[in-house]
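Naming follows writing order (A, B, C and D), and every chain is counted from residue 1.
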Amino acid sequence: MTKYIIIGNSTAAIGAIEGIRSLDTTSPITLFSSENHHTYSRPLISYLLENKTTLEKMKYRDDNFYELNNVTVVYEKIVKINSDKKQVYTEANKEFSYDKLLVATGSRPFVPPTKGLDSVKKYFTFMSLDDALDLEKVANSTSKVLIIGAGLIGLKCAECLQNKVNKITVIDLADRILSSILDKDASEFMQKHLEKNGINFILSQAVTSFNGNVAQIGDKNVEFDILVMAVGVRAQTELIRDIGGTVNRGIYVDTKMQTSIADIYSAGDCTEIYDISCDKVRPLPLLPNAYIGGNCAGINMAGGEMVFDNAIPMNSIGLFGLHIITAGSYIGDIKEIQVPNGYKKLFYQDNYLKGYIVVGEIERAGIYTSLIRNKTPLDSIDFDLIAVNPTLIAFEKKVRKTKLGGKV
Amino acid sequence: MKRVYVNEEWCLGCHLCEYYCTFANSNMTNMAELRNMIIRPNIRVEENNKISFAVSCRHCTDPLCVKSCLTNALSKKDGVISIDKDKCIGCFTCIVSCPYGAISVSANDIAQKCELCTNNSNTSPLCVQKCPNGAIVYEER
Amino acid sequence: MQREGEIRIPSGCAISAIFSKGNKKVQGADMIKSIAVMHERSNGLGGGFAGYGIYPDYADCYAFHIFYDDKISKKTCEEFLEEHFDIINLSKIPTTNIPEITNKPLIWRYFVKPLSIKLTDSQLDEKEFVSRCVFRINTRLTGTYIFSSGKNMGVFKAVGYPEDVGRFYRLDDYEGYSFTAHGRYPTNTPGWWGGAHPFALLDYSVVHNGEISSYDANRRAIEMYGYKCTLQTDTEVITYIFDYLHRKKHLTLDEIAKVIAAPFWQTIEKMEPNEARTCEYLRNAFSSQLITGPFSIIVGFENGLMALNDRLKLRSMVVGEKDDMVYIASEEAAIRVIQKDLDKIWSPRGGEPVILLREDK
Amino acid sequence: MAINYTYFNYEIIRNYDRCINCRVCERQCSNEVHRFDEEHNIMVSDETKCVNCQRCVTLCPTRALKIVKTNNEFRENANWSGKAIYKIYRQATSGGVLLSSMGNPEPYPIYFDKMLLNASQVTNPSIDPLREPMETKVFLGAKPTEIKRDKDGKLINNLSPHLKLEVPMMFSAMSYGSISYNAHKSLAMAAKSLGIYYNTGEGGLHEDFYKYGANTIVQVASGRFGVHKQFLDSGAAIEIKIGQGAKPGIGGHLPGTKIMGDVSKTRMIPEGSDAISPAPHHDIYSIEDLRQLVYSLKTATNFKKPVIIKIAAVHNISAICSGIARSGADIIAIDGFRGGTGAAPTRIRDNVGIPIELALASVDQRLRDEGIRDNVSLVVAGSIRNSADVVKAIALGADAVYIGTAALLALGCHLCRDCQSGKCNWGIATQDPELVKRLNPEIGYKRLINLINAWQHEIKEMIGGMGINSIESLRGNRLMLRGIGLTQKELDILGIKHAGE
């Protein structure tokens, strides 16, 4: 009998529960959620505003999930851990003890300190369900929206507000949109597409100051009714940092998702993790990694043997009907493929595929992902063929045989 | 568990599997209704200088697509990975993660994949039943 | 209507036999009594008997029983016999005229020995010489038919019910170590004396009940070995097969059973290897002598008797024993009527031969 | 040539209400009959190339296709049929010998269809194969002339080498080269699991198939292709092919285009060179020469293997067979004039030889008359089309039959009779790897097994009905046959009575 405590109620937490229950079906699991919602899928908040989904469908697991998995949910925030006593404490200073603990606190929006920000009546972030619901309340056909940050969050936000509001302007310090996942050409391609759909961009600039509902950007002023801060996110690492656990840009974890402190595991956006595509340790705040990491942590917490050692960045994002798929890192040599009303670039270095960007024709792109993830030597496949068109024929006969004739 | 396996040695590249798959997953009563239709099968034939074989979902033991699914639309029950069309919002994270390229975009812009004909009126995968040369089989391995 | 021999005549029947392993004598009268019980199994179109050990005084002569249509036939035949044989004795076969037996031919009996010059000229063994002469006569000389040609044995047959035939031939006057009897039920025939059973060649005589499906396969095979199936009856072909396997190929009686009523392959597979090899050999080497279809036969020969059913036992046949006497018949009643208390009575399985030999021999 | 006299036989009817442009017809037609017209987005066809192999019809998922005989006609002429005229045009254009394949298709009498079988009623019982054992095992080979016993009287096995068949059917000679690797493999696998034999034909034996040797008859023909010690030793029996029913009196010709890779290796001739088997064996100009070859082959294999002589049914067949039966051969295989082939001059295929039924009847009787029927077993071939043909052949006197065309049909052949083109769409009579792969032996051999099993069931039913429970009691049992609509002469030759007699 092991007492499990999980701090957090999102993807990594669910992954952990399913991991634990795959080995230990009886021991009690207590889960702490700072948000007062059944577990839901964060990336869906923009779809919610577009009415492409509903609160019901947004649920990341069915209503009876906790019950089925015998999980006690406590809708309270954990503020402190005592790793010697093996206890955690709520704001109300209630104590709960654990044998194995998972910290899956995720990340929070980063709001850069800007002059006069306090003069803005209300600004929004776009991370949580509550954020989205608040935003929905105020947005109307006359609203002028200013979004700070042309990253995934900012643009998804822009997309979902587009039909609801009067005007949307997105500003970013970088010289291009989606700078974290696209290279220059790709972002230009994408920018054109977004502009066609009525999004305005101000790039290579920042808000120098706010004055009420006016933002000063360089020498001109931009009025707005709604301000959305989508500059980026920061891992929530305090709980571990406070008790002296190793923390950099995120909580440090080994390949078993264990922190530097005994019996404490961590997974999801709050961690940093080894990215094999560029062999650097860095936060990879992406849902698939959160689940896989959480699941791996759960299995190890329950005494199983599991490692998560092939994490890479993976993104699939659709904006105004145009799909982008990217994975890995954009380093090494480039192979660019011309595709009709789309875009494709492969990045490879010393015989391995490192990353790729595909815009438009996204089908079967996962085959590229697997090349990166499995570190497939490019000279073992027909790279020219696969570059043009992701296909299994590019692999050697014997590999094909196991892929298609073997149990996988 | 029984899975669909293909043997390129016997694949004739006739593409019949694609048409039968489309038919199986349509609600047509007569295959001729495929006339003048762009088909979107869950099994696709790959061809390159005289090599050909069909590819469909391998129903992996450790399915990345299910783990990556944003909405829990993809799930695995008794070894069969199925998709809840109602939940899928077409983010296509599954497409990024599937190493076989076995998940594709449906007519209404969400993900679609082979469910071994458990989701239609056929008793076993129609592509297997109709393969003229036993290149596609449905068996335990 | 075609005469027997010009057309194949299938027929059902009744058969019966009495055999003495020891020195006890078997009476012709008993044989009649037994076959008479099975009256219903015949239809009056043929009956007959074979008796063994009935001519002790002429034991070393071939006893030819011959039907003649007329005097001319008799004359020609006797000329032939004179040429090839030394005729020790000749006489009419004694008969009693009775209303039940009509239009009888001339019935003569000759006790003969092959002329040694002729025999040496022919470069054949004695029996082969005799059998060839018999075939010559039966096939070449019209109006003449040798229906019995063995040593110290004789066949008595006619158109009629067997019991009447017995009376007609005064069978009560004969005694020997073995008798067989036959009542015939041909499905279509004008009925001809020669066509009645037993059918005999040399000392082999066969009574048979059944209709064999392998007939033409057997016939065409046996005719290749110099036999002529002039009557086209099962009994005839069975007799020749028996003669071929026993006299010419020297197979043991047991081996003969394994040929004509061969064990099924599924049975052979279960046998111990040596026996299985023998059976496979016999089935391979003599595949054309396999007899299929229903039959129960009793084959008489010098000092012995063999009864056999087809391998599916599609015809009835029971065997009873009392001391050193053995009784065989289509129906048990036919045995009980002449021997009330039996030591033992049983029904042989299909293909399982009953082989009887005289002890002192 | 100014005028194209091409006169095509077929019309392809495509039901456009059903055609879904899946293009399977196009992809599967090696004759390039079908084509997708991008511009108008429809399938079109060029009928002149169609050989009516039915591949497209069979695979069309919506049954949108059918192939019909064209009703385009020359002016009516009872003497000069359209076919006759067309052939003239062809030869006037090509100057060549007309070639065709498979068996004689002309409307000569089929005697099997003029014979009826017997069944038991009342006087003896028919036997139910579902309840009683019903035996179909046969041995092929000479029967011993005398019985030998050891000192303690036990029988000595003095049987000459023989073949043991679980059913009286074998797959007749079809060479690797004339048919594909996969076709050969299917036959080999089927023969093995059925406990019967298949025949290499004159093409040697592919190294992969030596493992089926126990069920293989290796053939030695006039070209001696692929013949060597190991080849002879590998088989269960050796067949000397003198002639074949489809082309009696002439040799074989496998075009160089089919002599590629393994085929050339197996035949032991250079790639691309035509494989031409001479008309006669040039070491057999008379019966005594045959005897020599029989004994050289027997010596070469230590008298361990039965030798089969295969000949075409020709006019004086029974005299020839009586000679062969005295030549030391163990089995005679007679191939009737309907026998198939991979390629034969049309005029020869359609005009030379005699029907197998008559040949068999007279040979069997002749050998019996001469008392030498036991010297040999008789195997007959040349269009055994169903189990009833098998029963009739055995009742006439055959020990077993060879089936060729029927086996190919089981493998998918549709008798388009265009084998000589090498473009067989069914992967049978071709060496093109793309076409060969269309025949998956795993499927093919099961279909062959099904066919033989089905025939075996039917044979059991038929002989059971006759009251026979072992096939050897049927052999030569001509009373089980009656003729229908035959002349007295035909009846005499067949040695059977007319129905009603």
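Just so it is clear, a contact is a pair of C-beta atoms (placed from the backbone, for glycine too) under 8 Å apart; a residue touches a chain by one contact, two chains touch by 3 or more.
As the structure is a computational prediction, the values presented were derived from the model and not from experiment.
Q: Which chain wins if you rank chains by how close their C-alpha centre is to the centre of all protein C-alpha atoms?
A: It is chain D that sits nearest the middle.
Q: So how far apart, in whole Å, are subunit A and subunit B when each is placed at the average of its C-alpha atoms?
A: The mean C-alpha positions of subunit A and subunit B differ by 29 Å.
Q: Round to the nearest whole Å and give the separation of the Cα centres of subunit C and subunit D.
A: Going by mean C-alpha positions, subunit C sits 47 Å from subunit D.
Q: Taking each chain's centre as its mean C-alpha position, how far apart are subunit B and subunit D in Å?
A: 43
Q: So, what's the distance in Å between the C-alpha centres of subunit C and subunit B?
A: 79
Q: Please set out, as single numbers or ranges, the residues of subunit A touching at least two other chains.
A: Touching at least two other chains: none.
Q: Residues of subunit B touching 2+ other chains?
A: As it turns out, subunit B has no residue touching two or more other chains.
Q: Can you tell me which residues of subunit D touch two or more of the remaining chains?
A: Touching at least two other chains: none.
Q: Could you list each pair of chains that touch, in label order?
A: A-B, B-D, C-D
Q: For subunit B, which residues are in contact with subunit D within the complex?
A: 9-10, 12-16, 18-20, 23, 31-32, 34-37, 50, 130, 132-135
Q: Show me the residue ranges of subunit A that touch subunit B in the complex, using the header's touch definition.
A: Per the touch definition, subunit A meets subunit B at residues 15, 41, 43-44, 47, 52-53, 57-61, 287-288, 291-292, 295, 314-318, 321, 323, 325, 327, 362-367, 369-370, 373-374, 385, 390-393, 397, 400, 403-408.
Q: Would you pull the subunit D residues touching subunit B in the complex into a rising list?
A: Interface residues on subunit D, with respect to subunit B: 17-24, 27-28, 41, 59, 61-62, 64, 433-434, 437-438, 440, 442-443.
Q: Residue numbers of subunit C touching subunit D in their complex, please.
A: It is residues 8, 10-12, 187, 210-218, 220-221, 223-225, 249-251, 255, 262, 264-266, 277-278, 281-288, 290-294, 311-312, 314 of subunit C that touch subunit D.
Q: Taking the complex as given, what residues does subunit B use to touch subunit A?
A: 3, 5-8, 46-48, 51, 53, 55, 58, 60-61, 64, 67-68, 70-72, 86-87, 89-101, 103-105, 109, 141
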